[in-house]
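These notes open a run of structures that come right after.
You will see chain A twice below: alongside chain B first, and alongside chain C after that.
The block that comes next holds the complex of A and B.
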């Protein structure tokens, strides 16, 4: 019934950046839903937050303020670090953090 | 399908009526339309068919042509066989959505009743409207009379929906001269049309909830270029599909359609190229001049997008002079769009006839046999001398 073209028979939900025009779905269509999870938006980051558990007072303000969901918390509700796949490096966590040195923003190239 | 097994009905219809009759027989799933002279009758007649229950179409009364094309794009993306019709400024208002339809590879079919694009404001025939849209990625078929308009609309469905093509098609017919003139033509039975066009099979549909698909996402530097290349591929495939559909249609209807019609061109030294209704008048001129012993012929393009380059070069391989008539101008000071196209392809041809351009009939200006005869006479002179006295002439304008 529905005839799938060779070009559309794309197994992976992610299309290789080197795909030729013959390999892409026609008309710019995206054939697989929910593929945002394949896209690591942490790539956009230019500054990286570094977490120091010694200095952390577990107030969880960083978790509250994070505009993404990049602050990782364990089963006991304790902050344990960052999810760098999603952290954009905005630095709000570091700015809100009340304890000196628990979150430090470091340029990505360092 | 059996060769013209059933006798066809002979009816007297205007061009607009012939097109709305074709649309009734096609029975599209969705028609979204807005009236504009000289197209109005097409969608008005069709809305009567909807009101009378003669078709199953969902008719969307929109507030503008921009909305008409947008609604048709949405419907087509949803897997519905979708049509609209327009003219001149209506087509201009659709502009940005024309590109959405073609780039999203939606097989929309749209009759365009050719009318001068304002301004100064004018409602009569020329080709400035559809010629302006010639690079929008739509296939363009042009018609000489009501019969061709009818036949083209039916074939357009098959061309647009072919799985290798998947591009929208404009079926152009001259405003008033064809759209409002009564003419005898033959029409197929409803069943023949239904069988010929078949069902629309969509590979992907917005309404297919089991296979959710995103239509029209942002397409940046990484992908846009590849998608444009795909559109060219669709046009290249159309060059194969259009004659195939034409052959199949000839088996059914007994009327054969290719990329263009050649009239007395075989041994012609001088060929006039003219598209649309004026070709009919020009054929009479060819007949008269042939009787006088002049070796003249006529080539009437049917398919302007895509451009059948090889076939056109072949058609001009023996002639010495080519007078190319354009019912629109490009304001480049370098001639009209058909002239540009043909002069361009002749650059690679072994035989390069002299070419001259005649801009004619703008804003519905009547183009009489005497005027066309003067074009043939220029071409005969050019065939002899090897060049046209003037590259670009404005036929019938008061100098």
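The block that comes next holds the complex of A and C.
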């Protein structure tokens, strides 16, 4: 099989769950590194962090302590909020935040 | 190289979100901090373990950099092979880029199963960094004891009951074992002390030759703790000197962080369900033994430091 065909088969970064074995990349390779970005782990969450930019002192501790790369920063590296698609609601950001009220955990149903 | 968060936060970290490690997992925090330390592109390897399994569930991968997984026991051999191939291509003039080679393994894949492959890679002198994220048991397969599990900890293969009070043996000193290989750089770090970790990772990546980082990675499931306590538990492990932060830089031992007031190790233990049984009257001697062991190691470290001066 040529490389061209291999690329044709995998136009999307994620292989369809309905793909047959003929449509899979050889060796079961994952051809698009980092495509886990498209996977939603946010639905695991039972508590949601709420960000208040007024109270935030831009220490970025939440960014360096987040296990899920779910603290969003702008081009200048400033914290702007959370990526709820990936945030699992562990609450480390709120526990480690030095500023009172910049990050608050609230139950998902609220 | 950047060692402040304002600059580090501008970097694209090549471990993405959407991986399926547990909420509050220490391992991914460790990996993100290590990757943030590198200015050059990284080629990473992972041994079998939580990190490998949860970041590469088909058809997804949370790694935006080249990644190799081979088996449980041989991430050090695998990355040393990749590094050798890179050096050969460089010598032949077929590649002129700079890249860094990092192997990640859990304590099971490092202290136990991958020890001979790690020892071999360190002795051969490859220009690579091995990072062990130590959560103190085989968490991925259901919390079985490893040789990194502390004395007295309850795991599924060292259950605490009426006959046995958790694991009967002390953990082994892997950082010491690797330092005895006379590697270019060996250090212990904690994600709670992120700057210390980033500086150590930068040293490990910059120094030519083999480097080893042993990093504590709290596991909410296995430690029986709440997910939001991960960083605080890592910090407490450092402040009790259960997990002292030090480095062995070209044979020179140096404690890189001295707690202002060293807390008793029981402060750290009582926050984790895996040690709950130790606070029963009949198990008091295990608490004493753990404290004695921490004191012994801390004194030994100080002696090693003064010998290096």
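To be clear about the criterion, the second predicted complex is superposed on the first by the 72 of 110 C-alpha atoms of A that agree within 3 Å, B and C clash if a C-alpha of one lies under 4 Å from a C-alpha of the other, contacts with A are read in each partner's own complex, and residues count from 1 in each chain.
Following the convention adopted for this analysis, a residue touches a chain if its C-beta (ideal position, glycine included) is under 8 Å from a C-beta of that chain, and two chains touch if they have at least 3 such contacts.
The structure presented is a predicted model; accordingly, all values stated were derived computationally and were not measured.
K.L.:
Should A:75 be classified as contacting the first partner (chain B), the second (chain C), both, or neither?
P.N.:
Second partner only.
K.L.:
For the overlaid complexes, name the partner, chain B or chain C, with more touching residues on chain A.
P.N.:
Touched residues of chain A are more numerous for C.
K.L.:
Tell me which partner A:28 touches in the superposition: chain B (first), chain C (second), both or neither.
P.N.:
Touch status of A:28: both partners.
K.L.:
Figure out whether A:20 sits in contact with chain B (first) or chain C (second), or with both, or with neither.
P.N.:
The first partner, chain B, only.
K.L.:
Does any part of chain A touch chain B in one structure and chain C in the other, and if so which residues?
P.N.:
Overlap of chain B and chain C footprints on chain A: residues 28, 30, 33.
K.L.:
Touching residues of chain A toward chain B in the complex: what are they?
P.N.:
Residue positions touching the partner: 1-5, 8, 17, 19-21, 24-31, 33.
K.L.:
Considering the complex alone, what residue numbers of chain C touch chain A?
P.N.:
Within the complex, chain C touches chain A at residues 5-10, 13-29, 32-33, 36, 55-56, 58-67, 191, 194, 220, 226-232.
K.L.:
With touch defined as at the start, can you tell me which chain A residues reach chain C in the complex?
P.N.:
14-15, 28, 30, 32-41, 44-45, 58-61, 63-70, 73, 75-79, 83, 85-86, 88-92, 94-96, 105
K.L.:
Which of the residues in chain B end up touching chain A in this complex?
P.N.:
Going by the criterion above, the answer is residues 103-106, 163, 166, 201-204, 208, 211-217, 219, 222-224, 226-227, 229-230, 233-234.
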